[in-house]
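The two complexes that follow have subunit A in common; it is paired with subunit B in the first and with subunit C in the second.
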Partner chain A sequence: MTNLQETKPLMHLLSATFDSLQGATPEQLEHNPFLQLRKRGLDALARTGLPTPKDEEWKYLNLAPYIRHPYQLPTSRESLPHLPQTLPMATIPVVFFNGLFQPHLLSPARGITVTSLAQLVDKASHDGTALGEQEHSIGQLLSPEDDPFVALNAALLHQGALLHITQTPSQPIYLASITQSGHPLFVNLRFAIRLSAGTAATVILDLRTLSKTAPAFHNIVSEIWLETESALTLIFLQNDTAQNYGVLTTRIAQTARSRSRLYTITAGNGMVRNTTSVQLNEPEAETVLYGLSILRDTEVADHHTAVEHLAPNCQSSELYKSIVADQATNIFNGKIFVHPEAQQTNAYQSNHNILLSDDARVYTKPQLEIFADDVRCTHGATVGQLPQEAVFYLQTRGLPEPVADVLLLHAFAAEVYEQLPIEPLRVWIDQQLSNRLFDIVDLAADRKLVDLQFATS
Partner chain B sequence: MHNEKQPLLTIENLHVAVDDKQILKGVDLTIYPGEIHAIMGPNGSGKSTLAAVLAGREDYTILQGKVFFDGKDLLEMSPEERAAAGLFLAFQYPVEIPGVSMLTFLRTALNEIRKSNGEEPIDTRTFLQMVREAAQLLGLGNDFLQRAVNVGFSGGEKKRNEILQMAVLRPKLAILDETDSGLDIDALKIVANAVNSLFGTIQSYLIITHYQRLLNYIEPDYVHVMYDGKIVRSGDKTLALELEAKGYDWLRSETLSSIELPSTTT
Partner chain C sequence: MSEDLKIIEEVTGSDYKYGFVSNIEEELAPPGLNEEIIRFISQKKNEPEWLLEWRLKAFRAWQKMKEPKWANIHYPPIDFQSLHYYAAPKKQQRPKSLDEIDPEIRRTFEKLGIPLEEQKLLAGVAVDAVLDSVSVATTFKEKLAELGIIFCSMSEAIQEHPDLVRKYLGSVVPYNDNFYAALNSAVFSDGSFVYVPPGVRCPMELSTYFRINAAKTGQFERTLIIADEGSYVSYLEGCTAPMRDEHQLHAAVVELIALKDAEIKYSTVQNWYPGDKEGKGGIYNFVTKRGICKGPNAKISWTQVETGSAITWKYPSVILLGDNSVGEFYSIALTNNHQQADTGTKMIHIGKNTRSRIVSKSIAAGKSNNSYRGLVRVLKKAENARNYSQCDSMLIGNRCGAHTFPYIEVENKTATVEHEATVSKIGEDMLFYLNQRGIPTEEAVALIVNGFSEEVLQHLPMEFAIEARKLLAISLEGSVG
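Moving on, here comes the complex of A and B:
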């Protein structure tokens, strides 16, 4: 612990953790799993520190500009009076405002149990009450020793939520971190989500700011269990503003015949790192990962995915695309591991990128490690520009060049989210992204969505 | 016969190069409203270059010459301005546009052209009626309109799709660049029938072809023969038959004896 230097970025945030550990008795440490996790987090951080571009997994993402701000952990007890109308449909809101859980926004919904992690942590430190099975599951999928941001998340473990879906809910669950802060804010959240056998749920994980005054840095760790024949649609919305940063580490563990579909929409947040892994632990589990980055200015999106085939007859398919303008950067690293017992695996991966400026950057790296012999596995990656033949063809049909560009870019992008099952959300995403494309090709505002009616037919 | 009318297209002494290689070496052509012209010629004579230059492709350098379309300087206009002014090119090799449905494509094109001409966007019902009629004219079903532009289309479907677009956009002048190539006889008849039935709404055609067979179905008023970047001979439709009978070799020897060509060292 003594190796942690408070002068290094973000390390000043750990002083409260030090205090809580130093004030703890050996008995408390032994019986309180949350204290144990904090300690493991601190120890791991002391060993590795935060990643730098010298770390292979962080090679193209320099965090320095994003972590240098004098961040503070949440202090204000101010609550959010009502849910901002960001999304166009009714949801089950599990909302964190300036890093703190907002239980008053949540009304009881059938089939889902939401438990505040902070409440559990506080309770455990006061009376050491025995914890249930699900509370003990925190840290089971993602260990502090695996990843420095998981370590940091563990060291700061307090706010978060445990979601247990026991019946298919009628509405999507809106898991949102909303900030409105005059000073740089560090939001550390931990989620544990379990879908009981045979249930289906949609979870939207949104990073949103209500004001653009100071940067917000999110460090979010999510552990997700899919029991037999359950189905999860998980949607990451990262289309907020330039001062909204996020490192999101997610692991999904799947049992037999469960299905997961992930959509990661990155189009506005200044820096986002998604470290997403899926473990297909039992036969006939299936995962589909969709990712779309539409980036401009100096935005950076870094998508690291890992799919582990650990059982026979599982399927995974991955489609990540990016449109990168100005000085923006998109990074894709996609790992597929097919373990020896995972015969009859189907695994597909593709990553396609369009560069719109000389200064835009794309790094793409597929990594396949296959140890079974009866496997169908394909991957492909492309980096290119707008096809000029197609632009000319559209121009000869009367489309001005920027309109032709938008039409082609939109078609390229829409492939990623056109299967998204919630129609109002899909239309909303489409509008948000179309507006961004109009901005990128510098098309006058009065043309937006008036002449181009993508939603027709 | 057409003294009282303004020409729709006037090409004067057009010289064009691509990558320092001169392709067009002085083309003159005038098309009046109500006329069908055909340009024939062997491969590499410059026919498709002429079509591409008229449509506004950028890879070409205009060395010399002028082109006026409907009284305006065509070479000063962007491709989309040319389309809005009423010029249409049916591509020899239509381009695939993945992810863009035919309906979205046609509607966007039509509305952009209408907007340029100060008209309101078309209402959905009229639009749908229009494209369905056009599809029917080309022997294409309504499901064709749901497909992505040219993606997975057969060669014949791609060519018919070009004429479908022409039927929807209703230009003043349509240039058909080797639209007959790759069409079987039934599809050729369908295309020819569509071209003929739209004549009138579409004021003039410029039909570029290697073979005479399309001209059995679309009767041109004038046939021009292009050779080595120039129109070396013009006549009525009988010229096409003469070419068909004698082949382009005949033209080569005729041309060499009657036309001044740059001397070659062979």
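Moving on, here comes the complex of A and C:
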């Protein structure tokens, strides 16, 4: 631990990595890509340290209160007997419990190969070299030098999963990290997902904690490849409890005519940072990013998105909204890069925020960087409150003011997820969010009196 | 398309039309910067003790600061110790009439098209021409004096109105505000000073032509404008500079103070030497401009047309402290060849019912990069703050870049903040239509660019609007995307 100060938050987690590198021979280091990644992660962290609000990419988000806990890496071998019934439909569960892969919950599904990363890492440290193509792809899209949390993830590289989708699966893939621990837990997971040409899949990435006493911190890095004409729907569920913190770094690389559609629903986790980037590498690729934050108490949501147009005739569109109450904070930074060769690009971005309290905060930065001239790029951002005329109109129709507020807020929010393709999931999300809006406007008690049809059908 | 590109190159590659050097004997301080030089400047200008102390404080703060690197611009490191920090035309006696002015200087102004001789005939323009740091001529002063308006060089103001200067200097841009503002505070040579007394509406546009002349002289202007209660003033600033090989640094500071019910309108047309086609030479324009609406119902409006300079790096800002105060920012930034611009504004809403409006039009051609960077900040106590921002970019050719970095920070729920941005090009259909009506491509482009910029141009005072239109055409005539 030459340059890493163990007294700094989270750095104590790295001692095992350091030992594993100390014990490795030069040959092992040369042939084992996982060891190399860990080393690069350590080196990068030693250089940069964890981000602070002084780093432009981490401005407005003060991590200190979330990383100061005495986190431990998972040690328990305990397994989760059965999957908690969170979602209202059948899924293909790829579940991690207290940071450990739970293969027994996964029944074989046609067209999808799930490989445990831990198994590969352990195997590599025994016999070294026999690695397939996909294993080598780890670290290709997101390198430790890109971002401190990717570096941390690489340094702690062990648990995770590689998903290869070769045929369109009939059910959504439920990629979940569930924790239940009496002490603060740090969960470090790495995912690599590849969709073969012409396939389509839905992946739900969920963070849950079953214990309410100790915080859980997730550091999740996902690299996703979409081959020609494949289609991915990726849903981030971040509607758990206040003790659930997460930093999720995701990069999607798209080839010709592939499509991706992302939904990020943040409504409950104490702190979430999403760093999501999409690279449109070949012509006619398409991406749509939707994000919704409904925040209360001291919750913080930080959404950083980047769409890179690297080839002609690609399309991207982005819609992020937030409703921020109490002392909560919503941060949005949306970047669109249009490289010189990406002519005929269409890129749209909009970001709308509603503040419900004087202590709530919204920081937004829609950012365009354009290097091609034959493009159509627009962005818009607004921050405001509910239009008083609309509230008044509903009041004249006999709705009490709080009900009018909920009705309008719901309509504002629903735009983000009303296109979500899986109906039971959409209805479930809608119910969860509606309940939250009722709570925020403090109507929970009168809920039964309010006869409103919220289910989007 | 290739034909169009050729036209762009031909036209946008045209030489700088205002490049020349006037040979006036100059008094130079030795290059380099230390406390001695600052004492030298201060002594040369016969300044009071407090000002010297202030300069030294700024210098000490500057020594501890690091050069900022965050902007989206690239340039070789500046050797601050190789610059001259003081240059003054040798003749120190103030001329009593135009005839007393060095004929060489007058020829310079004539080449620039500054109507110094005709000023008195010209409708309502009083020109305080600044040539290399010392004011050479000030006119219309008497007429302004009748109304109690003070319009003079900063050095003169320090001698004659020390109380006002002491009260307001550094009150908007503190001496340690940022790297270049600290440098300016330490070594500022001269600039303009305006004070408009309560209830007075300044009857003419006040105007200063800045001009950088001596080679290797960083120019450090300091402008201070105070509009007392219920007054109004419109101030014009415009610049051209001779062609030089070496980069020249310009780090000015402009401070505007609008008290209760006062209004300041500040317009800039900036056309300094942008460097040659390969990006060699050209001015570095690193300026701190900030205004404060100190009292209720005050208004500050910035309008800028930025076509020159190798690098433009500035954010004319407004602090909306008084209730119901208004801030405005209208900008056209045009970059060509290897020019770089990182410009925008900051609107800081502090008072209740404050309003701000931002309209930014950027045009990038050649291999240039043009960035809009803006901040709209609504503080917790700023009830009913309102902001509208619009940033439009136009790209001409595919080797240039347009960037938008708008920061929006809202801490009050009653705020309404809107931001929108678009990026577009000059459409082939538009050009075809105009061609087909018999308008040659070059003129068509000028027409389209003028149309694109109209919203900003209309906020310029008449004289400037005409000049600005010409400038846009000169800088870009015939560009096609």
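The criterion applied here is as follows: the second predicted complex is superposed on the first by the 447 of 457 C-alpha atoms of A that agree within 3 Å, B and C clash if a C-alpha of one lies under 4 Å from a C-alpha of the other, contacts with A are read in each partner's own complex, and residues count from 1 in each chain.
As a convention for this text, contacts are C-beta pairs under 8 Å (C-beta built on N, C-alpha and C of every residue); 3 or more make two chains touch, one makes a residue touch a chain.
Keep in mind that what you see is a predicted model, and the values were worked out from it rather than measured.
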{"item": "Combined model on subunit A where subunit B meets subunit C, clash or fit", "value": "fit"}
{"item": "Subunit A-centred angle between subunit C and subunit B, computed on Cα centres after superposition, in steps of 10 °", "value": "70"}
{"item": "Between subunit B and subunit C, more extensive residue contact with subunit A", "value": "C"}
{"item": "Partner chain(s) touched by A:R47 [first = subunit B, second = subunit C, both, neither]", "value": "neither"}
{"item": "First (subunit B), second (subunit C), both or neither touched by A:D374", "value": "second"}
{"item": "Which superposed partner A:R361 touches (first subunit B, second subunit C, both, neither)", "value": "second"}
{"item": "Partner chain in contact with A:Y393 - subunit B first, subunit C second, else both or neither", "value": "first"}
{"item": "Which superposed partner A:F412 touches (first subunit B, second subunit C, both, neither)", "value": "first"}
{"item": "Which of subunit B and subunit C A:H183 touches, first, second, both or neither", "value": "neither"}
{"item": "Contacts of A:K8 with subunit B and subunit C, given as first, second, both or neither", "value": "neither"}
{"item": "Shortest span in Å between Cα atoms of subunit B and of subunit C, once chain A is used as the common reference", "value": "15"}
{"item": "Residues on subunit B engaged by subunit A in the complex (per definition of touch)", "value": "55-58, 78-80, 82-84, 88-89, 91, 94-101, 103-105, 107-113, 115-116, 121, 124, 145-146, 148, 165, 169"}
{"item": "List of subunit A residues in touch with subunit B within their complex", "value": "387, 389-390, 392-401, 403, 407-408, 410-412, 414-415, 450-454, 456-457"}
{"item": "List of subunit A residues in touch with subunit C within their complex", "value": "56, 60, 340, 343, 353, 355-385"}
{"item": "Subunit C - residues contacting subunit A, complex", "value": "70, 378, 380, 393, 395-425, 481"}
